[in-house]
Structures are given as structure tokens and as C-alpha cells.
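Have a look at this one.
Think of it as A, B and C in the order they're written, each chain with its own count starting at 1.
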Amino acid sequence: MFYSAKFWGALRGVINVMLVVYMLAPLVIIFVISFSSALYLTFPPPGLSLQWYEKMFSNPTWTRTLVTSLKIMVPAAIVATVLGTAAALALSRMESKWALVIRAVLMAPLVVPVIITAAAIFGVFRIWGLYGSLSGLILAHVILTLPYVLSTVSANLAVFDKRLEDAAANCGAPPWTAFRRVTLPLISPSVMSGMLFAMVISFDELVVSLFLSTPRVRPVTVQMWSNIKGDTDPTIAAIATVLFLFSLLALLADGLARRRSGREPGL
Amino acid sequence: MTDSLLKLTDLGKAYGLINAAKDINLDVADGEFVTFLGPSGSGKTTTLMMVAGFTTPTAGGISLNGQPLDPIPVWKRDIGMVFQHYALFPHMTVAQNIAFPLEMRGVAKRDRRTKVEEAMEMVGLAGFGQRLPKELSGGQQQRVALARAMVFKPRLLLMDEPLGALDKKLREHMQLEIMHLHKNMGTTVLYVTHDQEEALVMSDRIAVFNQGRIEQVGAPRDLYEAPETKFVADFIGETNFIAGQAAGCGNGCASVRGLNGQLGAPLVDGAAAVLAVRPERLRVISNTTPGAENTLTGTVKELIYLGQSRKAIIALEDGTEVAALEQAAQAEATALAIGSQATLSFRARDARILADV
Amino acid sequence: MTAGNRTLWLLIPAVLLIGVCFLYPVSWLLQRSVSEPVWGLQNYATIFSRSIYLGVLWNTITIAGVTTVLCALIGFPVAYSMVHARPRIRKLLIFVVLIPFWTSILVRSFAWLVILQRGGIINDILTGIGLIAEPMDLVYNRFGVLLGMVQVLLPFMVFPLYAVMARIDGSFFRAATNLGATPVRAFFRVYLPLCLPGLGTGAMLVFIVALGYFITPALLGGRGDIMIAQLIFERIDEFGDWPLASALAIVLLVGTGLLFAIIKGVSKLRRGRI
């Protein structure tokens, strides 16, 4: 039995199914429950309804926090994308050994446990009066998401043929034109990818937001956190589904962008 | 040369203590095809990059049409360039690639289109305008690169090993095409290659680079027949070297180990020198021939049949191996056998005496 | 070329931002940990002498360690299966394993809560079919924490393993058994050693990331499963105890930094050997 290909094939099949169940089942269950007609969290639901989505969108707590999340996400993702892309470009052209050090420093927020970043930023922002402000949260989210942009764009620049810029210059293009007409179009898929990453990270972020937010300025994840710790009703399932669908959409958009540019799917 | 288009004066590029190029002096006439030939790391590409403007010289200067080029940035130099691996813009079509330099020069859209059409016609790519570079073969990409570099009618065209990525047959074909284009357009060309055959075929003049310096500049024939340094004699074509000390230097002549030849460059008696003689200038003679000048005797080690010619490898008494190349008819007359003794002779004017470094 | 210097200014905004809003705050944390109430290492001494803090440190290390072992046990067959799957299925599996990277930990932890709690789906079903009389405690304990963390951290184990396994020749089993090795021997003598580099990298990554985990243990664990990140949060959020929280944060930072240095060193050694 040990030697038969059938046995190994079947075993691999079982492993695959178990993996899919373990990774996806919780999300699927949340998704289904969010459409439940029951008044409490139960599975399988007795019937389907949109009541929890109605509840969510009619409850100002949820709509306000959702809007706050977006108000943080959009500027944070844009700033992180611009700064991260600019830094990636500069680093890719740097020949000094300092480039490695600077890159490590810019990547540090990804490596340092978030709780440390959160505590440190909270401590300092409180002194600077940024605690509980939208701009404070945006700044913090830029710090957290910039490494993602930097690493995706850098990975693309590593395979970018720099002689194309030389060729553009030789054709008569000044540096900025060469960048706009040649470099930017060629790295734009990774810039997009980095921005999507930044958006998802910002939208899902909880730990730093937990420290920096106040009841007045509170992103949806923090609201969810306090509700989960209290009593839970299927509205949270609806919110979770919204968050999950947002991530899924970003993942699909990224996959599409990569496929169009012919790159391999990465992490 | 009075009507020189490009003038390199004491040009040099140093990276710290390392000289990538040093004391480069060269005048290129309008319409001339000049090749930079040399092994990798000899400074030929560095020099080309300084002309293009990608590398800033650390010494000397470049002038084009009498105007110093140094303060002019790359994008304003108006010099066309074909890059080593073409460097075509992968996100633009063939037509967009070729139109790019025109666009940068503010050429009106209609003019642009006709000029692009002309350029594509010129390189034999009419009808390929809407393709992307990755949909073309290597040879076709090469033509696009050529069209892009020439479409704005630059005064000077630089080519950095443009045929390096092509196979032998296509390379030979493209060599001829580039020569025709050069003749028809009258553009001045600076061409970089490490392939001596390519250089001999294509160039009006060749500058041989070695260790950051120009060893010798001249027409292909001059370089082959009258090398001034051992490096040039060795790098271009096949040469036999016989090492010894220079004697009887003067009047353009000298001798090494009793063999007479012409001085490639001034030497003093007693200096370490080599006598360089091409295999096809060596004749096999019977050792009874009286009065033969410059004779060498040795043992035949190998005989190589090459169809139209025969190559004989002969080991001299001191172990130096020399090759003699004879036309088939000649070879039949001088029957040689491996292991037998042979005597070779050459004319003093076919041999060069060069400093041994 | 001078191109590198001409674009250097592009770095300024990012470096400035990280410097002011990240490096400075972290150093501020370090300073507080050694300067309050007086200059000295008293806060660190407290952490390493009081049993509550030692208990939390122990929790952190054991939870991270067990998570690492579980990730290895699950990740190994998963990576193997991914390498040997047909391309289409492989793509699906990669997508499935990647989902945790993209979905909020909060959402996933909440999902586990719904499934595992006393009135949750599993208990509902098991009591419904009469398999158990009383609902089981599946969450707010070590089991819940591990279940949640393994799911989140699995990708860190699977991808390094996958990268290594993909390079091992698929016919090795046949070759090894052909030479007279039983499949079990072939596995332990040949395949496993070849996979060790990937396993090592994956284990280190999982362990390091697990050390700083906060949301999953906070939601799915009980009072006995408090990890260092939760303790930091509590000390600041509930007690405003900055000196101790800072010291805890620095302990975590140094621990993670040391482990990263080890990874770097090991991979350098390995590259040096090849």
C-alpha cells in the first residue's frame, strides 16, 4: 500500500481538502452567517436575509467608523505609494553601501512587532498632540504600509533594465520625460500592486489604531474589536464580510494587474 | 585631417586609482566609419559612453563640429546610439519606438509618421509598425534599434557591440546591411566590437584599445600589415612571434636573432623585442636553396589541411612553434611530412620588429 | 555615473518620515524604559524577577514554539502536496494559503470565535447529534490560540518549504528505493535533510512573528494565555505604566532582533558553503 501511487495521490487529495477547509471555512461561515435571517449567531442559518447589512448601514456607529477607515486609508495609501516609490527609485540608483542601511531602516516597521511600533508612536504622538487625530492615524498608517510599497516596487526595479532610461535620454528625453514615458509605465504594475497592498493593510489595521483612536475618531476595526469583546450579533459578521470582500477584491485586482503585465504571481 | 567631425583630446576616465580610459586622442572625419576594437575592459565602451554622455570624463575633452560636448547633457547631444542589447522600449510598438526621438524633438505628428515609415522601409521592416518588440526576432529588434537611432538623422551614430547577440550567419548579413546604410546615409559611425573580423570587414579605420589606451589607429590594412605594437600584431589576425634582443636598429630596420625585419616603432639595440611575421608570409623552402634570407629550421609537428590552403606547424630548435600557411598549389610542390625537418624563409619587409612587453 | 546622486533627494521624504515617526518614537521608548522612575535597569530587573512577568514571557515562548512545531507538521505535507499538484490545483492552493496575508486577522479571529465558542457552531453540531452532552471549551484557552495562530502563520512556513521542495528532483523516491532504501528510510535519510534549509527558515519566521502576536491570543485565549504583546498593551492602556511597558517592548524588540540576526548569519554561512 505504501508503494502505490494511488495511495499517495489520495493522501495528497485529503491534505489539499483539509487545507482548504482550514483556511477558508471560517471565512465562508462568516460570509453565510452575515446573510442569516436568525437573530443570533447560528449555523447553518434558518433562512437568508439582508437584515444585518441593513442594520450595519443604518447604524451611525458602523457607517461613521467605516468612513473614518476610508478617510485614513485613502491618504495613507497614496502617501505611502508616492514616498515608497520615490524611495525605491532612489535606492535602486544608489551605489554606496549606505543604500543597504537606508533600505533596512525603511523596512524596519515591517519587521519590528507591531505592538512596539504602536506603543512607541502612541507615546510620542500623545506628546505632539497627534493622538486621536485623523492626521496622526494617517501618519502611523503610512509608516506601516510604506515598507510594502518599497518592497514590491524594489522587486520590480531590480529586474528593470536601466539602459532603457539611457536609451530614452539618448533619444532626446530629459530625465523627467524619460521617467514619465519609459520608467513609470514599466514599473506601474508594481506601483499599483504596492498601493493595493497598502490599502488592504491600512483598512485591516487594528493594533496601532487601537492605541491612537478615540471614540470620536475611530476606524471600523477598532469598533469591531470593542464589539467582539462585548456581545456579538451577526452585524459583526456583516462588517467582517465587508472587510473580507475588500481584501479579496484587492487580491483579485492585483492578480489581474500582474497577469496583464505578464509577471509571475508573487507573495 | 582638417574636416574632423569628432575630436577626442587627451580624454580619460578614472575610477579612483583605476584608469578605465587614458590619453585617448582621436580625430574622426565626417562620414567616416571608425571602429573601437579591443578585449573586454580595454576602455572602448567607456570611451563610447563618454562620447554619448553617459559617462563623465575625468580628463581631456570631446568636441563635435568644433563645439565642446562636455557641458551638453545626453539628451541634447543629438547623437544616435544602438545599444548592446538594443534597449527597445518594451511597452511601445515598433512605430512608437522609432517615433520617440522625433517626438522628443517636437516633430509634428504628420512628419513623424512619414519619417517613421521611411526609417522602417530603410531597415526592411515596413509593415511591422504595430508589433511589440518582444514579438520580433533578434535580427528584427536589431533593425528597430538601428531605425530608432537613425530616424532623426544624427551627425554621429554610436554602436555598442550591436551584433553581439546574433548568431554568426545573421551577424555577417547585418554587417553588410549596416555598411550599406552607412554608405547611403553618409552618417559618421563609431562602432564598438571585440570581434576583429567584424572590425576588418566594416571599418574605414580601426582604433585598437588595450588597457584603457589606444594602441594604434589606422586602416584595417595598415593594422594588419604594419602593426606598431606586439598587442596589435597579436590581437588582429594570426602572427608568429620570435623573441630575442633587438640589434642593428636604424633606418627603420632591425634584426632579432639574426633575422631582419622592419621596425614597427623606434627601438634601441639590446631591447627585448619580438619579430612578428604572418603565417602566410612564411615560405617553405628546400634547405639547399642558396642565398635565402631570413631562414628558420625546425621539425614539422602538424600539418593541417584547410582545403584551399595548408597550415604547417613547425617547432624551432628553441621550442618556439611557428605556423606557415601555404596555398594548395604551393603546398603540393613542397612535400612535408610530420617529423621531418623543414626550412622556412620570409622577406625582411614582411616581418615587423616590435618591442616585447 | 552621477545618476545616483541626482535622484538622492527622492529618499528624503521617506527617510524623514520613518526617522521622525518611527525611529525616534522607538528610541523614546528605550529611553523611558531606563530612565523612570530613576536611571537604571530596574524595570528590566522587575520583568525578569516577578513571577507574573516571567509567566508571560514563558507563555510567549511556549505558544510561539508550539505554533512553530504545528506549522511545521502541517506545512510540510501541504508544501509537498503543492509541489506535486497539477498546475491548476497548485495555483488554487497557493491562493488559499495566501488568503491569510490579505485578510484581516481580526476577521479571521472573529470567525474562529463564532465557530468555537460554547454556543458556537461546533458545539451546536456535536451536542445536536448527541456526541457530547455538555458544550466543550474550545476557545478562550490554549487550544483556540494555537488554532488561530497556526492558520495565520502557516504561509511563513509553507512558502520557504515550497521553494526548497520545488528544487528537489521528483524522482528521488524511486531512485532511493531502487538503491534498496525503504520509503521511510529514503524520506528520513535523503528527503528531509534536503528540506532542512526551508524548514529552518520557515520555523524562524513563524517563531519570530508569533512572538509579537497580539490580536489572536487576545481574542481566542484566556487569562492563562497572555503573551508579551498583550501585556504591553494592558500596561499602557489600563495602567499607563510606561516604564514597564517600554522595558517589555524593548525585551521583545531585542529578542526578535537577535533571532533575525541568527537567520541572517545562518543563511550567510550556508551560502558560503555552497
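We adopt the following convention: a residue touches a chain if its C-beta (ideal position, glycine included) is under 8 Å from a C-beta of that chain, and two chains touch if they have at least 3 such contacts.
As the structure is a computational prediction, the values presented were derived from the model and not from experiment.
J.: Could you quickly compare A-B and A-C and let me know which has more C-beta contacts?
T.: A-C
J.: Select the chain whose centre, defined as the mean of its C-alpha atoms, is least distant from the mean of all protein C-alpha atoms.
T.: Measuring from the global C-alpha mean, the nearest chain centre belongs to A.
J.: Using mean CA coordinates as chain centres, what's the chain B-chain C distance in Å?
T.: Going by mean C-alpha positions, chain B sits 61 Å from chain C.
J.: Rounded to a whole Å, what is the gap between the Cα centroids of chain A and chain B?
T.: 56
J.: Approximately how many whole Å separate the CA-defined centres of chain A and chain C?
T.: That gives a centre separation of 18 Å.
J.: Show the residues in chain A shared as contacts by 2 or more other chains, in ascending order.
T.: Correct list: 175.
J.: Can you list the chain B residues in contact with two or more other chains?
T.: 54
J.: Write out the stretch or stretches of chain A touching chain B in their complex.
T.: Spelled out, the residues of chain A in touch with chain B are 161, 163-164, 166-175, 177-178, 181-182, 185-186.
J.: Which chain A residues qualify as touching chain C in the complex?
T.: Chain A reaches chain C through residues 2-3, 12, 15-16, 19-20, 22-27, 29-30, 33, 41-43, 83-84, 86-87, 89-91, 93-96, 102, 105-106, 108-109, 111-117, 119-125, 139-140, 142-143, 146, 150, 175, 200, 203-204, 206-207, 210-211, 221, 224-225, 228-229, 232, 236-237, 240, 243-244, 247-248, 250-251, 265, 267.
J.: For chain B, which residues count as touching chain A in their complex?
T.: Against chain A, chain B makes touches at 52-54, 73-81, 83-85, 87-91, 100-101, 104-105, 148-149, 152.
J.: Touching residues of chain C toward chain A in the complex: what are they?
T.: Its residues touching chain A are 3-4, 6-11, 13-15, 17-19, 21-26, 28-29, 32, 77-78, 80-81, 84-85, 89, 91-94, 96-108, 110-115, 119-121, 124, 151, 154-155, 159, 177, 183, 211-212, 214-215, 219, 229, 232-233, 236-237, 242, 245-246, 249, 252-253, 256, 260.
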